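There are two complexes below, and they share chain A, which is joined by chain B in the first and by chain C in the second.
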Partner chain A sequence: MTGMDILTGAYVHGSSPLHRLPPAAKLGLLALACTGLVLLGSPLALAGAAVVVAGLYAVSRVGVAAAWAQIRPVRWFAVALFAMQWAFVGLEGAVSTTLRVVLAVALAGLVTLTTRTSDMMAALERLLSPARFVGLDPFRLSLLLSLTIRSVPVVAALATRVREAQRARGVERSLRAFAVPLVVSSLRHADALGEALSARGLDD
Partner chain B sequence: MKFVGKQGRFPMGDVARVAVFAALIAVLGAPGSLNVFGNAVPITFQTLGVMLAGALLGTWRAALAVAVVLVLVAAGLPLLAGGRGGMAVFAQQSAGFLIGWLPGAAVTGWLVERAGRDPSLVRLIVACSVGGIGVVYLVGMPVQAAITGVGLGPVALLTATFLPGDVIKAVLASVVARGTQRAYPDAVPAVHRERLRAGWGR
Partner chain C sequence: MIEFADVHVSFGEREVLRGVTATLSEHRVGVIGANGSGKSTLARLVNGLALPTSGTVTVLGLDTRRQGAKIRRGVGFLFTDPDAQIVMPTVAEDVAFSLRRKGLAREEVERRVREVLDRYGLTGHADHPAHHLSGGQKQLLALCSVMVLEPDILVMDEPTTLLDLRHSRQVAELLRGMPQQVLVVSHDLPLLTDFDRVLVIDQGRIVADGGPDEAIGHYRKMMA
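For the complex of A and B:
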């Protein structure tokens, strides 16, 4: 997991209508589409939906490799689900249920592929703004999100350092000897970071 | 959140801790995950991170750290074990087990907060098991049953195959939490709360 992966996510650059749609609209449409998939009962209707999803992928021009990367994680699950449904419910039910799950994953993947992480985060921040009513201020939330992204490489580096120290001590196989120093050094880092932020007047 | 004192309800020290713990949960998923064939819910050390967040941060900070991880995952970052991320993970059969991390971490935190200034290993194991296993399964299983259309019974049987691993993880998380709290007493939620009450950082 390199820094670049973290910052770009799975986004595929492009200028299709799907890329230009606002992220919040895409999230709304995704929710609607997933509800629609649940309501579609017959395999034929779902096959139609599959054609529509394939069409959307074609419009987005993200490429076959990127599309497959989104669906790949569920391939074995789809096979197992199909077999189980076929045994318990019958062929028709097996086809519909499997299609429904794969299509929902494909649609959600399409949102990910056509939306920049920063845009999605901005949209999610707006969606999170009601958090104000339970006493969390949106500025702190957005700071929290960006601090987390910046902390991932820092904690990963701490993990590497602890692992090296572990090797030097000859306790490579102990999870405790790895996790305790990692968690303690992460906490130290967090508290130093907190004091630095506080010292810059961000608590006022 | 009243207990964090006068200086704003979410002081920077807490922002930093939540952020770094969310990052820690992501890093713990990095070495990769082991898939048990037939059930596509991956076994990872990420659940260990979720239990640790509960045991070391307390109720609402732990839930917030998990929420941050889930929000960033939804935004498309590959922070889940095996480099998974994106909205698609919330459409998958294991979505409920991810959502369950939220109340799971909170319940673990709630139990540890009530275990006093020096939580014993047994209290930690109970807290990690109830929150990190019980609550997570309670949310995860019905969602998996609903998504797959398989009854709750078969889903419970499949989930049971993860129970031994999760019990081991709860014990490991407790051992690590205990070691951390001995080395760094401020990682005990009750101690941290007292320190904030005493007006640290003002």
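For the complex of A and C:
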């Protein structure tokens, strides 16, 4: 599993109790758990929370690689945070803060791994239904989330294409030669995507 | 049934289509022409993605200018670049996304998605990330996402341009078996050889209209 897969909603197929839990319940529990992590003061209590999180991963049966893939993107951030906290608030504070952040990321990752994007969208649509009263369409709001996720690999592919074209022309170090075609091709993609959404009848 | 009545389309000063009149009722209709001839604009007129500056386009008995949204529910559109059409992270989810506003039960959505993925050979990829598919598979996924809506008419804008020979042949084979009326804009002349009717567009006008041999022959002479 690549870093890109995490961003693109790498659902791991399964039938664990966590997979079967409704997405809205998972989001609610995630919010509660993150609040709990903030309230836990001592490193010992947070170590206990880490054991619980590891247990949840074991129950979900998503595999060690998928679990590590959730943490891997924030590893350097965690190291920097730990160093900063150690320097300013001491070792105990550094351990607690870093554990809090890593565990919150791990829990959010677990929700992603055990929930299909479409189920998450449907749940968000229901949760956002009061937005209708202020003139917002919950479907469009959840679609916005999905398109944001979907845009990550698309823009990454466009960036690769632009970089290859740069290399072919020997202008690898020019930021302008990279940014301008990337922005133009991203805008073209956005236009084409809008047209495709209209063609699929989603502009009603 | 698709009807163009004296259709003109202009983008600013540039006139892209100049008085196109045609009634298309055949099962498979091809449209060929040089780059910039106006053939993609002609395709976009069919589901109201482009609107005529003057004249009328009537599809399934409805005027595209006034009933575009209703027409789009009956006209599927497949673009050249499948990446621009894929909205959801996984294959099955993207196909199911097309059915979001149909108000169908979850079981019915799953049944339809399974059926269409099976028909186009993507069953084994149902839970795969869509961006991991090859270009050909992505185009098949885009086709699944259109066909799951069971449109009355399918419009394809250069559907084989990014495909290898095997996938191009697969698309040609699929077109033959489709019950819907199909309008295909293409530079892929072999794809159109067994079509019922082919239009040749040049500088915004229909300059040849008939069977594939006659129309493709005219186009070859024109491009010589």
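The criterion applied here is as follows: the second predicted complex is superposed on the first by the 128 of 204 C-alpha atoms of A that agree within 3 Å, B and C clash if a C-alpha of one lies under 4 Å from a C-alpha of the other, contacts with A are read in each partner's own complex, and residues count from 1 in each chain.
To be clear about the criterion, a contact is a pair of C-beta atoms (placed from the backbone, for glycine too) under 8 Å apart; a residue touches a chain by one contact, two chains touch by 3 or more.
For clarity, every value in this text was computed on a predicted model and none was experimentally measured.
Asker: Between chain B (first) and chain C (second), which does A:A159 come into contact with in this model arrangement: first, second, both, or neither?
Answerer: It touches chain B, and chain C stays clear.
Asker: In the overlay, answer first, second, both or neither for which of chain B and chain C A:G14 touches.
Answerer: It touches nothing on chain B or chain C.
Asker: What is the contact status of A:I149 with respect to chain B (first) and chain C (second): first, second, both, or neither?
Answerer: The answer is both, since A:I149 touches chain B and chain C.
Asker: If we overlay the two complexes on their shared chain A, which of chain B and chain C does A:F139 touch? Say first, second, both or neither.
Answerer: second
Asker: Is A:E195 in contact with chain B, with chain C, with both, or with neither (first, second, both, neither)?
Answerer: both
Asker: Going by the contact rule set out at the top, does A:A80 touch chain B (first), chain C (second), both, or neither?
Answerer: first
Asker: Look at the residues of chain A and decide whether chain B or chain C touches more of them.
Answerer: Looking at chain A, the partner in contact with more of its residues is B.
Asker: Which holds for A:V180: it touches chain B only (first), chain C only (second), both, or neither?
Answerer: First partner only.
Asker: Does the superposition put A:T117 against chain B (first), chain C (second), both, or neither?
Answerer: A:T117: touches chain B and chain C.
Asker: For chain A, give the residues common to its interface with chain B and its interface with chain C.
Answerer: Residues 5, 9-11, 117, 143, 147, 149, 154, 189, 193, 195, 197-198, 202-204, which sit in both footprints.
Asker: How about chain A: which of its residues touch chain C in the complex?
Answerer: 4-5, 8-11, 13, 116-118, 139, 143, 146-147, 149-150, 153-154, 157, 189, 192-193, 195-204
Asker: Could you list, by residue number, the parts of chain C that touch chain A in their complex?
Answerer: My answer: residues 47, 49, 69, 72-73, 76-77, 79, 81, 83-90, 93, 96-98, 100-101, 127, 129, 131, 145-146, 149.
Asker: Hey, which residues of chain A end up touching chain B in the complex?
Answerer: 1, 5-6, 9-11, 27, 30, 34, 70, 73-74, 76-77, 80-81, 84-85, 88-89, 93, 97, 101, 104-109, 111-113, 115, 117, 120-121, 124, 128, 135-137, 140, 143-145, 147-149, 151-152, 154-156, 159, 175-176, 179-180, 182-184, 186-191, 193-195, 197-198, 202-204
Asker: Please output the residues of chain B touching chain A within their complex, sorted ascending.
Answerer: It is residues 1, 7-24, 26-27, 30, 35, 37-40, 48, 52, 56, 64, 68-69, 71-72, 74-79, 82-93, 147-150, 154, 172, 175-176, 179-180, 183-184, 186-187, 201 of chain B that touch chain A.
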